[in-house]
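First subunit A sits with subunit B, and in the next complex the same chain sits with subunit C.
Moving on, here comes the complex of A and B:
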């Protein structure tokens, strides 16, 4: 028996995938920032002039979320093989 | 503008007779950034303080201790004072007012200590109140041992076993039994052992006389008397603070200035009869410094400029040329963002102007809402009057310019407090059938219109509904495009910076390939989207060329390890779209929730706004306002932080602070705040 997926459930799976891509990337970036953030707060307490560079370091892992988001956007909006199936 | 002010290295040499007027003049001019003499030349010594340096610093310490007692904080001046007034009032301020403040403060501390000891006494007396003994009966025995405290279980039988002669008083306290046990002194150790088996914990008994309750009452009444004495003293300190606040801060400023002047020679080089000051000065100010100093010293002084070549040698030996950023007043606030990262080195570019160009646009593109933009602008206008320190003013100006851009982008995006709301009511929207037509043609960019002008721009893309699929794709492209421009400007400055330092290899084989990579990667991607294979091929060839150049560069094949970083730099600009979408999403949710969920539901399923009940409207508006308020707060924070990051991480890494930070130009002198010039 062949498994037939209709456009609706395909779209649903795409949405779940897109959500996972951004969500998991967010968790990863958060875990990365956790350690850096704590260290930066420590350094800034000792040396306030370090704030700018500290922010720089702390914001580095944030790009990870953007990668996840880029994947989500491609899934939801720009992946042409599916576009024909999922747009009603 | 992109470069710091040009500096010249000067040497001021003069006779020691004129050191005082010269220091006075230098302080007044506030032009010379002094390079401290480190005493490494045998023919010169480090200078000694002049004048009444010791007296001034003693007075300053005295004043600072008084201001500390008064809890005086630095603030914006309400009025200013002439120096003569400070001189005439300083003695009174330091000795009479000051002594009074110190005495009052000490009395307050003494009262507080006494109150605390009395409170402790009350705390130790309270448990004794349950026992029927007066206080004097606990003390003064030679042949009796006394145990006072709490026990967990009854003790009478066990105490009687080890010491048949005893006197036990008990009373029940909150969680335990309070006991007082009197036994002959020679049984003390045995009784102590028995008591500890019953969980005995000793209570200390103050050496007082009389009834416990009346003793507590006496302590409480004396605490009241002390508190009554303290209140007017506190008020007195507050009055003194109010009356002398500005004068004290002005005196502090005067004394700081005097110590600065009298101790200045510690930074000079000296011989028996002469002094030498090294320093930097903005090049266009040299002739002014020379003429002013020479007239102040009456000719017993020589101000000379050091030739560029010699100055270069000094820099190579480790002298730092100070940096004074040179920007028009509109760009000045953005120096704050530059400084937060690092002061530019003298030979580097000052990125403040670039931040001024890109930062507000990015802020505006992320926030992009007429309502939020105007709200933030108005709130900042209020805050601007409240927070008057220069740092806050700069920060407020930065966000304010951003909020103007947010309003401009809000017009492009057709948003007033989010989509689905006020825009349609005020400016109108497309008729239903036209929306359907646009959707069928795959050209749907939103349904708003600019009043009677209709939709504007190529294909009618404005006002752009950011939540529409086409708009998201368009904004992805725009974000990356802004990213390429932003990063390329950074790369170009990077090449020029390295050329400025004379490091050609770094410039052409480390920074140039990055520029090529960024630009041609975009061309290749654009080719893919537009289906122009020649663009893809061209892009591919130049990407390969840039890789080869990187391998030839100073880092060798390891240079290739940076490529993913440059790639992720570009992808990172997607946040311009992403954070914006998040903010639009929340605003959309707020409007949807209030107008299409809560209001109809609470009105019993009403379909038309005319049928909404008053309660439904109130609850709906409450939800609406609170969600929008949260979104507004986030709407200040994220559009600020993320462009900041795009500058620090994506742009600055291309050119800025490769050699570590510079030294800020801080000329010898003092900015008068409380003192009249």
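Moving on, here comes the complex of A and C:
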């Protein structure tokens, strides 16, 4: 059976997936960071010397976005299942 | 009746700031190994040591007017009030509400101090020295109350508030029953206002407070059973609302040996088992151990619920204990008590 699909819309779906990967990772990281950020500000209010360590802890969930971004980039530029049907 | 408390999405995050802050504040508390060293210092050395700690501002400000034990007592109380007010101000929403509900105990303390001061004819500056404006009643309002001429004027100032019902019990001769009624009222109000919130945080606060009531009742039992007081009188003095209330009230009036045996197996038993014997000489030693148990309990609970009111509670209990330890050491030194006696009273968790 031949796959009947518009190559353009398939590529569009791919782009939506890439957007979701980065976007949802960003939302998740943000949710994680809100608690850590609040706690770090609380500690720094008492102990200004904690700022460096606190910032490091606060940026840990940020790594999640990098995973999301990596998946997006793969989807957009490296993973091309439709290479056969998408003709330039 | 057990109430189902469901965690609400986003609520723990409200605790992140305040728990982070109290955990940092906890590191500034006086370490346990300092107490024996303070015991070997004289009063001016203790004041100098306190100047190196979080009490610096208060010691500096008050050293113009006071010296020796007076300076230490005022500085510690002033710092306690300042610290607790700060906690209340920096918290938001639920934590702020729960902290205020807990801190109302200092309102009760202040009302008791006012009444006791007036009862024994102290003047207003003397009374004002022992007030801790850490609760809802402001320092200005308390000073105003201290200036009033008689006990009945102070009692009438509380007309229309929740305290009126307890204060109405004053018979002109005896403060003990009134003070007991105020304590009961505090716990009753806490249960009513916090129990109604249905939040997880409120439930955890109540869990700790119930244990605290049990420990208070237990100390009452130790004192009164040791003195051989009648069961009915003891039961009247127990504060209702504790988790073990029924079991403890059954122990009222028991002979001391039997009472000690019935305590075996309770979670607090291991912290007093080595000194709780029939020939126990001073209940205050038991009191110090149980107080230490309560602090450990609050911090242990807070490990299970890191983003909750419990670390704040643990800090507040630790801070109260620190202040009372410093005051005990200072007073003991001033009165020339033997070091071992003071050491027994110092609470180290």
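As a working rule, the second predicted complex is superposed on the first by the 78 of 88 C-alpha atoms of A that agree within 3 Å, B and C clash if a C-alpha of one lies under 4 Å from a C-alpha of the other, contacts with A are read in each partner's own complex, and residues count from 1 in each chain.
Quick note on the criterion: contacts are C-beta pairs under 8 Å (C-beta built on N, C-alpha and C of every residue); 3 or more make two chains touch, one makes a residue touch a chain.
Just so it is clear, the structure is predicted and the values come from calculations on it, not from any experiment.
By the touch criterion defined above, A:77 reaches subunit B but does not reach subunit C. Of the two partner chains, subunit C is the only one touched by A:43; subunit B is not.
When the two complexes are overlaid on their common chain A, residue A:69 makes contact with subunit B while staying clear of subunit C. By the touch criterion defined above, A:59 lies against subunit B but remains apart from subunit C after alignment on the C-alpha atoms of chain A.
In the superposed pair of complexes, A:35 makes contact with subunit C only, with no contact to subunit B. Contact residues on subunit C toward subunit A in their complex (touch as defined above): 12-13, 16-21, 23-25, 27-28, 90, 307. Only residues 339-342, 469, 472-473, 476, 568, 571-572, 574-575, 578, 641, 644-645, 648-649, 652 of subunit B touch subunit A when the two sit together in their complex. By the touch criterion stated above, subunit A contacts subunit C in their complex at residues 34-43, 45-47, 50. Remark: subunit A residues 51-53, 55-56, 59-60, 62-63, 66-67, 69-70, 73, 77-78 touch subunit B in the complex.
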